[in-house]
Every structure is written in structure tokens, then in C-alpha cells.
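What follows are several structures.
What follows is chain A paired twice: with chain B in the first complex and chain C in the second.
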Partner chain A sequence: MEQFTIPNKVKRWSMIFMAIGGLALIMGIASLFMAGDEHAHHHAVARFWSNLLINGFFFFGIAACATFFMAVNYAAESGWWVVIKRILEAIGSFMPYGAVALFIVLIAGAFHMHHLYHWMDASVYSDFMVKTAEGITYYSEPVEGAIVNPDFDEIIAGKIAYLNVPFMIIRQLLIMGGWIYMWKRFRTRSLEEDLGFERGRHFKNVRDSAIFLVAFGYPISTFVPWDWIMSIDTHWFSTLFGWYVFSGLWLSAMIVAILMVVWLKSIGELKEVNDSHIHDLGKWMFAISFLWSYLFFSQFMLIWYANIPEEVTYFQARINAYPLLYWGMFFVNFIFPMIALMDRDKKRNRMMLTIMGIILFCGHWVDVYMLVTPGTMKQHGYIGLLEVGMAIGFVGLFAFVITRTLAKAPLVPKNHPFFDESVHHEIH
Partner chain B sequence: MSVGKKIYALYNDDAILIEGAKVVVAKGIKVSDTYSPFPIHGIERIIGIKWTRIAICAFMYGITGLALAISGMYYMMIVDWPMYIGGKPNNYFLQNMPSFVPIMFEFTVLCAAHGMALTYFLRNWTLPGVSAKNPHPRTTDDHFAMEIDPSENTSMSVEEIQNLLKETGTVEVFEK
Partner chain C sequence: MHKESEIRYPLIIGDKTYHQITEDVCAPVEGRANKLWYVCFTIAVVVALWGLGCIMYTVGRGIGVWGLNTTVMWAWDITNFVWWVGIGHAGTLISAVLLLFRQKWRMAINRSAEAMTIFAVMMAALFPGIHMGRIWMAYWVLPLPNQYGSLWVNFNSPLLWDVFAISTYFSVSLVFWYIGLIPDFATIRDRATRIIPKSIYSILAFGWSGKAKQWIRFEEVSLVLAGLATPLVFSVHSIVSMDFATSVVPGWHTTIFPPYFVAGAIFSGFAMVQTLLIIVRKVVSLESYITRKHIESMNIVIVITGSMVGIAYLTELFIAWYSGVEFEQYAFLNRATGPYWWAYAMMMTCNVVTPLIYFVEKVRKSIVISFIISIFVNIGMWFERFVIIVTSLHRDHIPSNWTMFHPTFVDIGIFIGTIGIFFVLFLLYARTFPVLALNELKSILKSSGDNYKKQQH
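Coming up: the complex of A and B.
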């Protein structure tokens, strides 16, 4: 069986990218200790941990959504995708790394190393407090010598049953661990299939993907975006938020798949992939761009129209402090694919797909940046060396992990029952 | 279109029709159309049918719908009878644009979709009460027909074309 070897160029560049990321990481950690006053220190802390959260969430989401797309195709028993299946599998293999980055942020928050999640602050939950020389103790009852706690936040206190650290750790471990475990099962069976086809194994994949779609669909539209992103703006909530975040991540996952396919074709691999496969992937990129834009606008327009103070604060924080970045991000992610990818031939044009893919990938990274930063850093955030450096570092790590997984198995699963159908895939 | 009779070759498999069309086209004969119960992939390239322009129509209908929606709302909500809804003063179109977007979007889709469907029906002349034009009733069931216009292929006689078609595995060759 022909195995794929990673070109040295890619190895070298992913190493260089990771080195840049490492430098940015050191710079970020150093900035925590070098801050002059307390204000600068708060700024450095929020900036550093926001970056880890943004990149961890973005790249974890991409890996998870690639696995989701694999499960969709299994459950639908579609044929066309078989020749790109290994690429989706490889993208999914980044999930554990992204999950580790996210859990580092969560645990650090629980130990009050940063203050991204306001609800982790114990002071907001109690009505009363007692100040002594040793420190402050909080009470829910007016005990002897207690005064009213000025930090008490009734809204957050009402959410304590859901927003507390142990419950968040438990549910996120279950969800993310479950997804990684399911990915592992798909991957193991996929590798076994290279040795010989077995009917039962294929139908186990179909059954597992149906289970995965349920185990993925509910948390990706609720707990995962709520916990990691929406709880930053603890008072604010939107029922559409989960789908909005998911659509952006799904699009990014499809873009990564397209870029991988185009790159592999350009170095002479993946001979089975023809223009029809690329056309289909281009259609996905075009379509999900509109899904994302639609959800963005649906969320924005209802809140803008109703104009309720507790809801509009979210958009005010973004539009007032980051007008260019926020509207620019929406403009790029909505108008660019509409103009550039509307035409049939453009969806088959690898150069166009590569350029649009890179632009939209950056655009959706900025989208995630805009989800996090205005909540954690108010109006003081900006995309500087640290942001770019850490993003580049994550891209390097991401490329390193997925190409390594790709090199572990043949690029095309020849024993998949729909392999023949996929090779002869032809659309117009 | 000529008024003379046309030659039809009937096949019972789309793959045989594709092979037959290749043979006929290689002899320099122009195939004017094929009739099939489902789309035969790749046949348009073999017999040289031009790419459909309905996408261009759809774009124009969509732009028309968008323009109608914008001008309609501009007249109704801004010029004729400005209304103050939910703290949104209706003196300027742009200030209220987000609330008009759903209507703009829906009207664009409505016009594009209906325009496309009507264009398709008119262009193919498949309207209520119009009699079917397919050469053989079974081309809507399980047979496939290829149409050749003798007036477009004067280099060969009708008999020669018919004999050529019979060698390509047809079920029947007839004139109509």
C-alpha cells in the first residue's frame, strides 16, 4: 500500500511556525511578570489567556467539525467523499490537543490565575461579607458584623446551579472526551478496513455516526459555546449563539479540508480526487458562508430591533470599541464568498479556492477573536504581535499534527465500500 | 427549426445511447437533441448542447426582486407614511436597513425562483394544455431517444443515417 510521506518543506515550516508560536508564548508569559503596575498586569493576564482560549477553541472546533462532517457522510451513506475521508480523519486528530489548551484555560481560571470568566469569582455569589484583617469572608446570611457585599451579582448568583467549576469540568470532560473517543473508534475501524473489507464493520461505522451526530449536535449548539465563550459575558445570553459559533467552525473545517486537498493535489498525491470533488467542497464553502452570515444577521437583527438594554450591551461592546474589526469581519466573511464563489467555474478553480480559503479562514479566526476579546478585555484589545504569533504557533501545531496523522495511513481508503463510486464521482 | 420529418433512434439503455451518440458524432452528423426520463450525464458535451443560461436569468430576476423590495419599502415606510417603531425613527432608509433585510432577502428569492420556473416552462413550452412533444411515449418511462434532423445533415442521405443508427444497438429507428 502506498504510504504518504510528509514533504520536508512542510515539516520545516510547521516547525518554524511552532517556534514563532513558542516565542509568542514566552513573550506572553514574560509580559505577565514584567507588567509595571496593577492595571498593566491585569491587561497582560487577560490578553495572554484570551489568546490561548481563542486559539484553543478555534482549532478544537475545527477538528470536532471535521469529525462531524465525516459522521454526516457516514450516516447519509454518501459515496463522493470517500477519497477525502482520510483528510477529515486527520483534521479530527487535533481534537485532543485543542481540548488540552481549553482545559489549561479552565483550570487556570479555577485557580484564579486569570479572570476571563467573571462567574468563577466567588465574591459575586454572596449578599453579605465580613471584612477582617486576615481577609474577606462571604456569607449568604446577615451574620454578626456583616456588611452588604458590593460585588454581589444577583443575575450570576441565579446561574450558580449551571455555572460552577466542578460541573463545567465534568460536562466538558464528558462531551470532549466522548467526541475524542468516537473519533478514535472511527479511526481504528478505518485503519482496520485497509486490511480487508467487512460488511459488519462498515455498518458499525454508520451506527456510530448516527450516535455521534446526536452526541455532537446537542453540545455544539449548547454547552460547548455557552461554557467556553458565552459565559464570558455572563449576564448576556442568546439562544442562537451555539448555532452561530458552530457554523463558523464548520466552515473553517471545510476550508482546512479544501486547502489540504488542493495542497496534496499540487504535490502529486490524491490522484483519485477529480474536479467534481473539488467542486463539491467549494459548494460547501460557499453554502456554509451563507449559513454563518444568515445566523450572524438573525442574531444581530433581533437584538438590534428589540433594543432591550440587557441584550444590546453585547453588540455595543463590539460595535463601539471595534467597529472596523467587527463590521470588516462580517463584510469579508459574507460579501467575499458571495462575489468570488458564486460562479460555477470559480468553485472548481483551485487557485480561487485557496485564496478565498485563506481569507475566510483568517476572517473566521477574527470572528472567534471578536467573540472573546470584547468580553475579556473590554475596549483595550488589539491584534498585535502576541495575537498573530500565537495564532501562527497554533497553525504550525495544527499542520504538524494533521500531517503526521495523514502519514500514518494510505491517503485513500481503498476498501471502503463506496470507493469505486467516489472515484467515478462526476457532477456538472 | 425545419418542418421536415426527423429521424429518431430509440435505445433501452442510456449507456448504449452515449456510445451511439459518440459513433454518430464521429461520422460528422449533428444530433439535435436526446429525450430521456432522467438526465444523462455528459451527453451535452458529446452532442454539443450549449450551456444553459438560466443562471444568468436567475441573477437578473433576483436583482429585479431586490430593487422592487427596496423601492417599495422606501416609498411605503420612508416617503409615504414614516412610522416610529421600537425606537427606530423612520426618516432615513439606511438607519432602518437591518429591519428591511428579511423582506429584501425573501423578495429576491421569491422573484428569482418564480422567474426561473416560469422561464423554464416557457422556454420548453411545457404549459398546461400543451400536448407532449416527446417522440415516443416510452421516453418518459424506460427508453431513450436520439433526434437527428436530416435537413441539418445534408452530407448523408436519410437511409444512410438510418443504417448507421441501426448499427449502434438501437431498439428501433423511426421517422416522425
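Coming up: the complex of A and C.
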């Protein structure tokens, strides 16, 4: 069976992108040491680690959601998608890299190398403190010579049973490890299937995908967005937050899949993919854009309408300090796909899908940026060289990893039981 | 060329031909009703009359005859309203969303599901109507120019958005249902021998002749309506949820409400479709078309939406603790352990726990268990609305206001009565309408019919 080889051009560009990312990384680290005063130092620290968190979360989420979409198709017994299955598998292979980036942020936070997560600070959740010449130590009990901690934050202290480093490490290791392990199982069986079709193996994948949907569905609605993102604004809470974040990541995963398909077709690969497949992918992009807009609106409107201080400060922080970026992000992500992709022919037009894909991909990166930055940097964040450089670096690494996975197996799984259906897929 | 994998289950069982499909589907319309139908119909009529009596009593005496009090000023009325609207979601979901997803199994169930939707939305609309007290002024919910100075509806109120959302949804669902019926009415018209049925069905069939051009238009319109109806499925229950979520009442104001209500609506709607179709397939002998595979597919939708609802329950519960807001925390503590703990337990068991057994394939395919679970879900989803509404109200910010809600015979009568009216309409439908989309069903006979599949492989 024909193996796919990565074109040199792609290898070269992913290297260049990674080099740019490396430069940005060095620049970011250097800025930590070159800051003039304490204020500038805090700024540099928050900026650098926010960037790692934004990109780690965004690209990890894309990889996880691609695996989710694969599981959805297995569980729903859909047929059309088989010829793009290997692409989804390849995107999923980025999960371990994204997870490493996220865990670096988490561990660094635990060692107080940054203060993205306010709740990691003993100074906010301890009732008492002892001041000595060496510094301040915090206690939950009134020990000898202790005074009441003036920075004590009752709300954060109330959340410490959930928001504490050991618990977060345990649950995130279990969740992310579980997803990566499930991806491995799908992948192994998928590659085995290339050697010959066997009913049992296919149905094992179907069963596993049902398990994955549960193992993915619960945490992506809850712990994953809450821990990594929502806990930055420690006081704030929103029950819809999980689904909102998930919808944006899912859309981004679909966009990556579309861009990969269009690119592979343009270099003469993936002959089995026809206009109907492209059309269906375009529909997904269109539909999930609406899903995301719907969830954005639901969350925003209810908080705006009720206007209670516990909640509304979250949007004030975004709208007051970043009006253009925030509303721009929403209108681009909502209006652009609605206008550009409503028409049937546009969903089959590869040029249009590429342009919209790139715009929306950037739009949803900005969405994640807006989820993080106002919480970590207040009104002082901006998209500068560091942000762009690190994002480019992640794109390079992402492209490098997924093309390498693609090259490890034939581009189409010929023995999949729905392969024939997929090849003969035709819609109008 | 269309291909179908050999591992797909057949959707039409038995040795059916095109003609046999027509015969099977038209039989209940053309033949005489059996005894069972008359028994069911009589019971439904009696219950409906009791309900109508209670409604008239309410209109005559005012809503003081309900169990409402100053603290719990919303109870069964809005519970029943939300319950019926929720049930009304499955039909359009099946006809629109499953059409967009090209799910062939929808063809055997979409007709009845849509009929159910129409009747359920009618039952739902009844409640805000009678809750107004002066039902003859019901048209005031519409923003009509009037002679009373600037007397307008409150555009800021989600209750008004409900009026728009539900009336739009009802109109689109009705049109969708009717368009689908046209070719099948024509089939009945062509087969009718007596003059009166023939003339009625020929009016209903809009002069359909089955030309290729008509089918092209038919498919185009279906697709356009599906595209319009899909956002409507989302909008209706989102807006219903906003009746609560735009307020600042603990337990009501939470951002997850819109998508969680939509998931719950689809969940309860599918449960009702399941309840009805398991009966219908037996009573009018359509087991070859509404197969175990269909029931299994609906069960899968039930377990997925049930799990989404479950996530939402647990998210609310957790975030209430996490928020650190004491009112929020108390609202949920009171729900789970207060005097209405039994309603909360009912909701949790019926909606979250019992559907989980559908993860076992054998259970999903069992018709008896599917029927039982579907009843559980119907009950559980009623209790969900009751829990949301009554437990959030009965203990408000002033403890001296705290009280309980006790329904009167009128509350109960109206609720049971709407179930009776619903069944009267549905039973009449089952005798006069083609309960399956028979002409559409023929389009999948050669790809998904049991006999044709056997020939191929």
C-alpha cells in the first residue's frame, strides 16, 4: 500500500516556523531576566506563561477534539468520513505534546514561577500569617505569634478543596492520560485493519468510541476548561463555560482537518476525496460556527441581562480593556462563516474554505487569548511579537507532528467496512 | 452510485415490495378500527372532557382555584407548559436535523414524531393562555397597535420572546409536516373508492401527481425547511430556559440553561416518541418498518441527551458550591435534601441513572425495557421542571415566606386532561393519516430493505 511522504517544502516550513517559535521562546525567557523594575518583571512573567498556556491549551484541545470527532463518527456508524479518517488520527497525535506544554505551565505555577493561577498562592487562602525578618509564612491555624492575614480571600479559600495543586495534577493526569491512551488504541487497531478487515476489530473500535465519548464528554464539559482556564479568574464562575470552550476547540479541529484535506488534494494526494466530502466538511465548519456563536450568546446574554456583580465583572474586564479585540473576535467568528458559507457552492469551494478556515482559526485563537489574558494580565495585554512568534512556533510543531504521523500509514484505510460507502459518497 | 456496507442493519424487514409498503401503511386508514382503538379512544375522550371541565372551571372562577400562593406563584402551569414544549422538540429534530444528517431510519418515524410535536405544542400553548385568567384577552400577548395609548408588550421579557419563538416553531413544524404528507395523501386519494374520502383526500393532496418535477421541488423545500427548522429547535427551548435564567433567582439564573434545556427537550421528546411508536407499531402492525434497529437508534439519542442533561445537573450542583455564593449553595442543598428531596431524587433516577443501562446493547434492543424507560423519562422530565420551578420558589430570601405547594384537583385535572386531549388527537391522527412516510420509505427499500440486502451479498 502506498505510503505518504512529507514534501520537503512542508518539512522546511515547519522547521522555519518552529525556529521562529524558538526565537520567541528565547525572547520571552530573556524578558523575564531583563525586566527593569518589579512591575515590568511581573508583566513579563505573566505574558510569557500566558502565551504558553494559550497555545498549549488551544493546540491540545484541537488534537483532542479531532479524536472526539473520530469517535463520534465511529459511534454514529457514519460512512462518508472514512477517507478522511487518517487525517483526524494524525491531528489527534499532537495530544501528548500539548499536554506537556500544559503541564509545564502547571508545574511552574506550583513552584510559584508565575501567578496565572491566583489560588496557588498561600497568601490568599491562609487565615493567618507570621511575619519574621526572613519573610512571611502562612498558616491555616492560629500558631504562636500569628496575626490575621490581611490578604485573606474568603471566596478563594472556599474553593481550595477543589482548586489545589495535587488534586489538579491527579485529575488532569488521569483525564489527559486517558485520552492519549484511548487515541493509541484507536490508532493501533486502525493500522491493524490495513492488513485485513475483521468485523470484530471494527466493532471494538465502535465500542471504544462510545467509551471515549463518555471519557471525553464529561471532562471537556467540566474539569478541563474549568481547571486550565476558568480558575484563572478564580472568583468567577459560569456553568456554560465548559461547553462554550469546547465548541470553539471543536470548530478549530474541523478547520485543521479541512485545511489538511485541501492541502493534500492540492498536492495530488487523497484521490478518493471528492467534492461531496469537501461539502460535508464545509457544513460541519458552518454548523459548529453557529454552535459556538449560540453558546457565546447564551453565556453573554444571560450574564449581561442579570447584571449581578459576581458574574458581570468577567465581561467588563474584557469589554472595557479590549473592546476591539473582543467584539471583533465575536463578530468575525459569527458573521464571517454565516455570510461566506451559507451558500451551497461555497461549501464546496476549496479556496473559500481555505480563506475562511484561516480567518476562523485565527479568530478562535484570539478567543482563547481572550479567555486567558484579561485574567492574567488585566488590561495590559496586547498581541505583539511574542504572541505571534509563539503561536507560529506552535503551528510549526503541530504541522511537524501531524505530518509525521500521516507519513507513517497509508492515507486511506482501505479495509474499513464503510470504505466503499465513503468512496462512492455523493450528495447534492 | 450509492453503496451500502454489508454490516449495516436492514431498515425494512421482511419480503416487502413497493406495493406491499403502500398496502401496509394505508391499511389502518382504509380499514375499520379494532376494539382496542375504541377502548383507548373512549378513555382518552373521557380524560380530555374532565380536563376541559377543569379548564372551564378555571376560566370561570379565576386561577385562584389552583394551588398557587404568594410565594409559589408559578407551579404546575409552567411545569406542564415546559414539559409539553420539550416533548414537542423531537418531531422537528427527527424531521430536520436527521434529514440534514441523512439518517435513513428517520423515514419510518418522522411522520408520527412530527404529529406528536404539533399536538404537544398545542397542549403547551394552552397553559400560558389559561394562566392569563382572562383568556379572551389572550391576543394581548401580541404587539398589536391599540387605542390605549402606548400600551405595548414588554419587549424585554423572555415571556414575550417565547410567544414569538413558539408560534414560529409551530408554523414551521406544521408546514414541514404537511409538505411531507402531500405525496402520501395523494396515494390514499388514488386508492380511495368511496366518494367522500376520495374528495377529502384529493383536497388535502393539493393535486399531487408524482411527476419528477414535483419530487424535485418537494426535496428542495424539505431541505430549506430543515435548514430553517434546525435553528428553531435550538431557539425554542433556549428561550423557554431564559424565562428562568434571565432572572436573579438562585437555581434559575445559570448560564448552562439554554443548551441544557435543549438537550432535555430532545431527551423528553424522544422518550415520548418511543412511548407512542412502541404502541403504534404493535396496534397497526408496522413492526417491519419500525424495527428494533429504529428503537435502538432512538435509545442511543436518549442516552446521549440524557447524559448531557446529567452533566448539566452535576455542573449546576458543583458550580453552586464552587461559586461561594451562599444563596446559590442553599438553593441546591434545599433541592437535594429539603422537603422536596423526593422530587429531586425522582428526577435524578429517571433522567440520569436509568437511561445509563442503554450502554448495554442488549438492553437497548429490548422493546419491553425501552417502553418502561421511556415512561420513566417522561416522568423524570416532568419532575425536572417541577424541581426547577417549585424548589427555587418555595424558599425565597425571606424565611417567613417559606411555604410548600399543594396542587388542587383543578391543577391535576388540567394536567391529566391535556394528556387526554393529546391522545384523542393522536388516535384520530393514527386512523386518518398515513403514519409512515410511505413514499419516502420506498426510496430506501432497494438499499436498506432486508430482501434486497440479502440478494446483494
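The rule is short, and it goes like this: the second predicted complex is superposed on the first by the 424 of 428 C-alpha atoms of A that agree within 3 Å, B and C clash if a C-alpha of one lies under 4 Å from a C-alpha of the other, contacts with A are read in each partner's own complex, and residues count from 1 in each chain.
Keep in mind that, in the parts below, a contact is a pair of C-beta atoms (placed from the backbone, for glycine too) under 8 Å apart; a residue touches a chain by one contact, two chains touch by 3 or more.
Keep in mind it's a predicted model, so treat the numbers as computed, not measured.
With both complexes brought onto chain A, simultaneous placement of chain B and chain C is prevented by a clash. Of the two partner chains, both chain B and chain C are touched by A:A306.
By the touch criterion defined above, A:F336 lies against neither chain B nor chain C after alignment on the C-alpha atoms of chain A.
By the touch criterion stated above, A:G242 is placed in contact with chain C alone, chain B being left untouched. In the superposed model, A:E426 lies in contact with both chain B and chain C. Residue by residue along chain A, chain B and chain C are tallied for touches, and C comes out ahead. By the touch criterion defined above, A:Y139 reaches neither chain B nor chain C. Residue contacts after overlaying the shared chain place A:W13 against neither chain B nor chain C. Touched by chain B in one complex and by chain C in the other are residues 301, 305-306, 426 of chain A. By the touch criterion stated above, chain A contacts chain C in their complex at residues 77, 79, 154-155, 158-159, 162, 199, 202, 210, 213-214, 217-218, 221-222, 235, 237-243, 283, 290, 294-295, 298-299, 301-303, 305-306, 308, 310, 417-418, 420-421, 423-424, 426-427.
Interface of chain C with chain A (complex): residues 1-8, 100, 102, 231, 234, 238, 242, 245-248, 253-259, 304, 307-308, 311-312, 314-316, 318-319, 322-325, 359. Listing the residues of chain A that touch chain B in their complex gives 297, 300-301, 304-307, 344, 426, 428. By the touch criterion stated above, chain B contacts chain A in their complex at residues 41-42, 55, 86-88, 98-99, 101-102.
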